[in-house]
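Structures follow.
Common to both upcoming complexes is chain A, partnered first by chain B, then by chain C.
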Partner chain A sequence: MVDSKNSWKAWLYLAPALVLLLVFTVWPIVNTLRMAFLEDYSGLMEKGGAVFNFGIGNFLKVIQYQRFLNCLKTTALLCVLTVPVSTVLALLISVALNSIKGLQKVLQTIFFLPYVTNSIAIGMVFAAMFNIVGSFLGSENELIVTAGIINNVIEFFGGSHVNWINVGSTYAANIFVMVVYIVWKALPFKILILLGGLQSINKQYYDAAKVDGTSKSRILTRITVPLLSPMIAYVVITSFINGFKEYTSIVGIFGENMGPADDKGRLNTMVGFIYDALSSNNQGRASAAALILFAIILVVTLINLQVSKKRVHY
Partner chain B sequence: MAETNRVIMHEKDMSKVKSNSKVGGVFGKIFTYVFLSIMALIILFPFYWMIISSLKTLEEYRLSVPTFWPKVVMFGNYAEAFTAGNLGRLFINTVLVGVVSTILSLVITVISAFAFARLEFKGKNILFAGLLATMMIPGELFTITNYGTVTNLGWMNTYTVLIVPFLVSVFYIYLLRQNFLQIPNELYLAAKVDGTSDLKYLWKVMIPLALPTLISITILKMAGAWNSYIWPRLVANDEAHRLITNGLRNAFTETTGDVNYPIQMAAVALVSAPLFIVFVFLRKYIMKGVSRSGIKG
Partner chain C sequence: MKVELQNITKIFPSRNKKSNEMVVAVNDFTFTVPDGKLIGLLGPSGCGKSTTLYMISGLQKPTSGKIFFGEDDVTELPPEKRGIGLVFQNYALYPHMTVKQNILFPLQNLKGVDKLSKEQMLDRVDEVSKLVQLEQYLDRKPSEMSGGQQQRVAIARALVKMPRVLLLDEPLSNLDARLRLQTREEIRRIQRETGITTIFVTHDQEEAMSISDMIVVMKLGVIQQVGEPQEVYDNPVNLFVSKFLGTPPINVFNGHIRSGKLYIGEEVIADAKDVSDKEVYVGIRPEGFIVDPNGKLTCNLESREVMGRDVSIVSNHPESANPIVRSIVDSESPIDVDAQTIKYNIKKTKMFVFDKETEERIFLEGDKLPYHLTQYVQEKESVNSKSSEESTQEENS
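So, the complex of A and B:
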């Protein structure tokens, strides 16, 4: 053991990190709890000398807000729709990538590309692709032309164009666009992890299966998936956690409106709700919502872990 | 030797097994490649569309039958986007914040990880476990209080507010500590006997050995500055300190309706380009860093 006189030295080395953590991490945890349990707490009013009563009013108000429930619904819906789709797609792509030799590196790089992008920037590209109004001739008699490439493709195949994200679009169409974008964005990380897992599976299992003449689909469901299950559990858990914190993808496509121009805030999420409460100086409500978000993430993660305990083969 | 022979024998046996199922294999191969190609095209399409749209004239972009290659290549769109979005200023701000916060963050991470990996002090394990526990909490929870804290400190609309609150990452300390722990303690003790100072030992032995981890941290940190949106928008949304993502969103607020998409797409391409250039050169480190980091941002 190194001599214990080093003790003061250790604290010296840790000092910068600990000071910053105390101010920007530990204090916020304590303060969030304090603000959440003070009725209608507002930082601005506290500076003005207001005193707040202790209570659970913030939580009650938040969960009774229709706006909050809408945010919760949108967030949960996006999670439930995107996590299975992106996980299954990523699994299929990884298994396919693992089975080929030529072009594997090139394809692997291509599949990683969406990760090295800016959610807002590429969100704007998706908005352009799904946009519908392309030109209007004169201001009086607007002529609506489908100019978004997605609608062009649909019309090429004989379908009629869909109002995806513009004024008058439906909630379902908005959600569809978000699911496509979030899945596109989520694939790289999942493929990276799953392919890494696949490459570390012992080849002998597959050789044994081949000797037995096992079919491809059976190999996938009986060997690959079970042996890959720790990785699958990991990507499912992390994508649920990220999914409940969804915010910037929506800003990327819809802008700060968080919805089509005629129905602002329609696609707002939990995180969006917290920031709205914060900007309107309702720190008490923002804190309560943040704690609810934390609780939801914790519960979903625990459920995931519980399920994977039964299903995952280590 | 015997082991190698057995492997070779095994491979021979297996190649016989493989040849039996060759016919099914060819169709399987074709199907696999077709599937992967279609998926790759879907992944690549937005990038392609971004680039060709950015090179079209507005009239051509608005044609109801889309063109897949611009008739007139409009490089001028890029110049226009650069000035319209005031991108020069945004680039400088973002690089400045990225570089300064990366350097400071690396210093803090290295000395903290060193203390946790090599030095002994009371309460070390409890402190470390406590720090790890904070990683579970979503960042939004901290933002509420931090917003008030930086207002009280008078940091609003400064570079400080973009750099200081995120200098310490428990995750990076954890990552580097694990890396430091793999370096045998004997090296440290030998250095102590020779009278080498801690800092010299860190600099000469530990940092070189942990270089891949440090590069991963650097990349993640720089990408963080490039992609951060929520915090900069809250605390530094003035012309002088605005960062790139926020500026892009601000300069091109409309996403639907009759938008000048070629200019907007040119701006998007300009903002995306640096990330791609870095990716081309540091692909290996980035992919390794990401696979270890799990959750981004």
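So, the complex of A and C:
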């Protein structure tokens, strides 16, 4: 314990961190709360001398916006689709990686590459894979220079090309592309965590299972998954949180339009909505939306924790 | 079920890729475990005893040699087809399952003709949990149990599928001293009740001697001696075995044989007829000393430790290979604590003479030689002529 005489020293040493936290974390949070509850707050208008009423008008307006509800739907849909798929895939890949010997290090590096690559750059590569270059799509004089790698593959197997992300594409096709992209991007981190967890499982459990003649599938479901459950819970919770904060992936593939050219903003997300509101000087609404997003993430995380309490062993 | 190991050798490739030095963990191990007996594999760490156990279990494959269970050659069989129960050193209980689920687990793996109905499985669990006295703990998780209880769960899990052979890897090493005594009696009782051939590994000689029907003393992957615990203790075939068995450990003196007499220093200890002159080690068990003012061996007295029934005398001797000479004598022995020296007579049956070079036993006239030990010595002698050079080299390194 520091005695009270010398406590100013402790405060002195803490000061740099405290100042930075106060300025860049605590104050923005307080300010967000303030702006959210001032109806129609705008920083520009405040400078002009406008006075705003205190109330929950911002929240009411935000949740009545069709645009906001669309963002919410897209975000939730992407979360619900990508989290289970990426978690299961990551689990299978890490179990497979853990069971091979020779190329483990090389493959581990390959699987980890997406993590250290710029997501906009990856997005552009994915966009190129799905993009149809040409014009007059769907018209009589249809002209296609290249339908993209994915469509080439589909056509190779006798299917007809799909309009994934171009003008006239469907919402379902857009979501499919986003799911593939987000899953691929989310894999490395999850594989890293799960592989680490797998490698820390005592090998004797597997020896014991082997002596008892346990089948491979039973070893996976009855031993590996339960022993890995704390890691799996961690991965699921963090990926739900990341999923609700999704924004850059959409920009990566669709650009700032957040959707195909004929339906801009179709794939906008919660963070995208907040960003748009901020940049159009609607800080009040942006703050309200940010708090709603925070509340949603909080609730989802609490549900996750509750579920994992029952499912996560020891 | 008789377990027969024929010329089992296990060679591990070198860890370091640059050097091609291989590790011979088990070297030409031949031994038959009689049906229904409790056998202790005993040796210092790194002597290959666990490797031997894992080869019997099938988790490791011998580099050469054959393993038979009864008449069946199981050398190439995977562990699950051998019908063994294995108890791991740290139990390897599944932490996310209750005791009951842990014990049920091996049964749920059974397929085809062996498949059991739910009732049959529960009956088996009941039966085996009664045997290990765990009935009231079935719904606990392993983490909620003491080490001794976990140990019993591990034994129950190994026994529930009615194995032909039960294997235990250092079963008592994770328990505290009191539990160790209790658990080793428990293991003995369970083994007696089930009559399953049981092989266990330990580095603790006391543990092995107290419960085994037979012990196998190993060193550097080679069997040193096989026999009933008392017999091995009373008649060690080499210096290593004599030093490894017994607490307090055996006292070793530098001695020599000159014209048919055994000397320690300048004192004649015993006759050694028909043995050529050579340097020897003389091992004397602590209980092999008799205090006698006219005794043959003179030691410098250091202190006396009273233990009630017995008295332990700490002394030293210039020719002793150990820093102190410890003897355990009758509490009524006449001991002059103020004297500088103490004289002992030696009980012949508690004294062993070993060749200094080969460290093999030299049997003096009058030494007891059980029939099968005679055979064993003869076998050893034929092998020794080949391997004695190697073993002394290993010793020196």
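Before moving on, here are some points about what is shown:
As a convention for this text, the second predicted complex is superposed on the first by the 296 of 314 C-alpha atoms of A that agree within 3 Å, B and C clash if a C-alpha of one lies under 4 Å from a C-alpha of the other, contacts with A are read in each partner's own complex, and residues count from 1 in each chain.
Rule of thumb we're sticking to: contacts are C-beta pairs under 8 Å (C-beta built on N, C-alpha and C of every residue); 3 or more make two chains touch, one makes a residue touch a chain.
Since we're looking at a predicted model, the values are computed, not measured.
By the touch criterion defined above, A:Asp207 lies against chain B and chain C together after alignment on the C-alpha atoms of chain A. Within the superposed three-chain model, A:Ser308 lies out of touch with both chain B and chain C [touch as defined at top]. In the superposition on chain A, A:Trp184 makes contact with chain B only, not with chain C.
When chain A is checked against chain B and against chain C, the one touching more of its residues turns out to be B. By the touch criterion defined above, A:Asn70 lies against neither chain B nor chain C after alignment on the C-alpha atoms of chain A. Across the superposed pair, chain B and chain C both touch chain A at residues 207, 210-211, 213. Within the complex formed with chain A, the residues of chain B that make contact are 10, 14, 17-18, 21, 28-29, 32-33, 35-36, 39-40, 42-44, 46-47, 49-50, 53, 61-66, 108-109, 111-112, 114-116, 118-122, 124, 131, 134, 136-149, 164-168, 170, 173, 188-189, 192, 198, 223, 226-227, 229-230, 234, 244-245, 248-249, 252-259, 261, 264-265, 268, 271-272, 275-276, 278-279, 283, 286-287, 290-291, 294-296.
Contact residues of chain C toward chain A in the complex are 57-59, 78-81, 84-86, 88, 90, 92, 94-97, 105-106, 108-110, 141, 143, 157, 161.
Within the complex formed with chain C, the residues of chain A that make contact are 202, 204-205, 207-208, 210-215, 218, 222-223, 226-227, 229, 313-314.
Against chain B, the residues of chain A that register as touching in their complex are 1-2, 4, 6-7, 9-11, 13-14, 16-17, 20-21, 23-29, 31-32, 35, 43, 89, 92-93, 96-97, 99-100, 103, 107, 109-129, 131-136, 145-147, 149, 152, 165-167, 184, 187, 189, 192-193, 196, 207, 210-211, 213, 216, 234, 238, 241-242, 245, 247-248, 251, 253-256, 260-261, 271, 274-275, 278-279, 283, 286-287, 290-291, 293-294, 297-298.
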